[in-house]
């Protein structure tokens, strides 16, 4: 049995708008799971159900066997970090971090020890006496984290914690968070809309869309084998084409060309997808299989490569090619799809 | 041309400020005059009128009444207004705007009408003591100030810190006391001062709601003016102005004058 | 927030308002309608009675004139204040706010000293030999007007400054760059943008002026009654509670009408 599980959660607003419908998720102890999706997909709602701010209309939330669905927020012992950090403006850093411990009626000696240890781990010892308004964004972020971790929570819940930081800080902080999480072994749920950030630190990722989970798997698995077009688009596939099966591993595209794919999905028809960087372009081609002819419409310079927008009889295709191979707009090219690079969904 | 316009504007504004300040200054001067009626300019210089004020039993007892009334009315207004503002500020129910207008509705009823209605209904018909009517009348008149000022404070308040406090173990009441109140404190203080001042200075409500032994300070002052014309009124005015200045100074040092100008 | 919590936070206040404002008003104003004659009989009689009509007209007149004077005096001064900065501005604002916190008795009393028979003005004019008998300046409509303007000018100032502060400096700079002199910029840019503030300030002053009690009492005397002083006299001196009730409702309706009118007018301005 998994450590934390959401079973068939239903949430709706005003009894009409369904936000989450039958959402289920199982999380193992100690893992960092991310909920990834664009705004409105329900990821924050899911997090808030776990936190206890929203009581679901149906379904259950269990932690370690205990049903917590109706337990009030203040009894769940979960650590929370918000996008806005939500530090207490009227308290010093020390008092912010000590807040949860004080409520648990620990002795002041114990509190001091644990707060100082946590400030040490998060590199905030020098700021113990400062007030939030005197700190930078990154520092406030760490205070919020320290405050959530010091109570030794059963779950750590992070709602887009890095969105307010500039790009460089974001990279540094996500490593920090992963490091702390692994060191303390705290089961964590991380909500974000940034795919790269999410994939870099998560043990598993749940891609969400319109209140449901599209795919829940290891980042590598999702990246290479998205189960449907939505997920594929999310992880960077931009080219999609319909395929009809003609034999084991062999398909015909909508224009009659033959496409051979490394795997056999079993279905009679499906959608094929390929990444721009996986397409090979050349000025001429002798092959007939896995090759699509087209004309270059637009060329953009990406630094290490050029990105081409091609018009083909399969529709618009986007292909990247190294900059040594420059094709002028208007040229006729051949796009080759290596069979092992095609994904079926 | 621009410079001349500037001069004109400056002169005009100076005249207006003079208009605002001079009468109060004149009062101040007359409070030191020797003569038993008010003269300007004054002859002689004395503090005796100030002494007379403190010696007067009717002034002192009505001062005590006004202060006590202001305290109770303000506390009641805060006790009612802060929770109501909190509920209206934190939620987004569609009736919130209408409810807020209801709480602000005493503004549309002229003070004298409030006094009239309460006196007729509570004192004459229900035979309640005048003091009760006075307290409720003041409460009604000052409640809108509390709702407005505390409401403005709550608009600036980030409710997510309340949620975090709950996640760390506070129940709702603890979260309110430990996290919400300290961060709207300046709003509450400003509301207190405004409410207190407006209760103390209130006249229309207090005109009707008075009786034997029950007369607020401003009302006693009006009665006195209608019968006598001596510098003790000036002395009282100076004392009141001095207290106001002191209060403004305290507010400026802690909150900034801006918080009163709403 | 749970519904039960919301209700328990809001209900006490609403109950007190209902018990001590709405209900008493209804109970006290209901007898002014009907009973023996046409439903609005007393109100028709009110507006038909020459004495009442004079009082009503006087109240409205003073309200309008006081408001206009406050706008005329207040607008340039507020503009002046809002263009200052830092310490100067704080001091000027403090000087403007101070009268608002002072008791209205004190503010009216000042004008008794100034306008009285032996007051400042008369003493001065007599000393200068411009007149040989003291003028009757007190207990006239004029004295009520002066007192009312004095009472509400700070309110107008504070409202206008607040509104003008919201007009950014660069708007006037943009106007200047397009060729507008300071005066033209004021008329064509600042004034229209501060109309909302003028409206709000005007409504505050007008409704305050028509419902004021202290100033007309101290500066107007029995011969120059306004609606507020009339209510008091009717109820307390003559025990005519119903008569007072009629006046009360008229005052409430006037206040509501003016505020509603302002809101509608402001909406129309917004649409432009």
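Letters A, B and C mark the chains as written, and numbering starts fresh at 1 in each.
One rule holds in what follows: a residue touches a chain if its C-beta (ideal position, glycine included) is under 8 Å from a C-beta of that chain, and two chains touch if they have at least 3 such contacts.
What you see is a predicted model, and the numbers here were worked out from it, not measured in a lab.
Shared contact partners of chain A and chain B, listed by label: none present.
Each chain's centre was taken as the mean of its CA atoms, and the one lying most distant from chain A is C. Rounded to whole angstrom, the centroid-to-centroid distance between chain A and chain B, based on C-alpha atoms, equals 56 Å. Annotation: 61 Å between the Cα-based centres of chain A and chain C.
Separating the CA-averaged centres of chain B and chain C is a span of 17 Å. On the side of chain A, the complex with chain B involves touching residues 51-53, 72-80, 82, 84, 86-90, 99-100, 103-104, 147-148, 151.
Residues of chain C touching chain B in their complex: 1, 5-6, 9-10, 12-14, 16-17, 20-21, 23-25, 27-29, 73-74, 76-77, 79-81, 90, 92-99, 101-107, 109-114, 118-120, 123, 150, 153-154, 158, 162, 181-183, 211, 213-214, 217-218, 228, 231-232, 235-236, 241, 244-245, 248, 251-252, 255-256, 259.
Residues of chain B touching chain C in their complex: 1-2, 5-6, 9-10, 12-13, 16-17, 19-21, 23-24, 26-27, 30, 37-40, 80-81, 83-84, 86-88, 90-91, 93, 99, 102-103, 105-106, 108-114, 116-122, 124-125, 136-137, 139-140, 143, 172, 197, 200-201, 203-204, 207-208, 218, 221-222, 225-226, 229, 233-234, 237, 240-241, 244-245, 247-248, 252, 257, 260-261. Residue ranges on chain B touching chain A, taken from their complex, read 158, 160-161, 163-171, 174, 179, 182-183.
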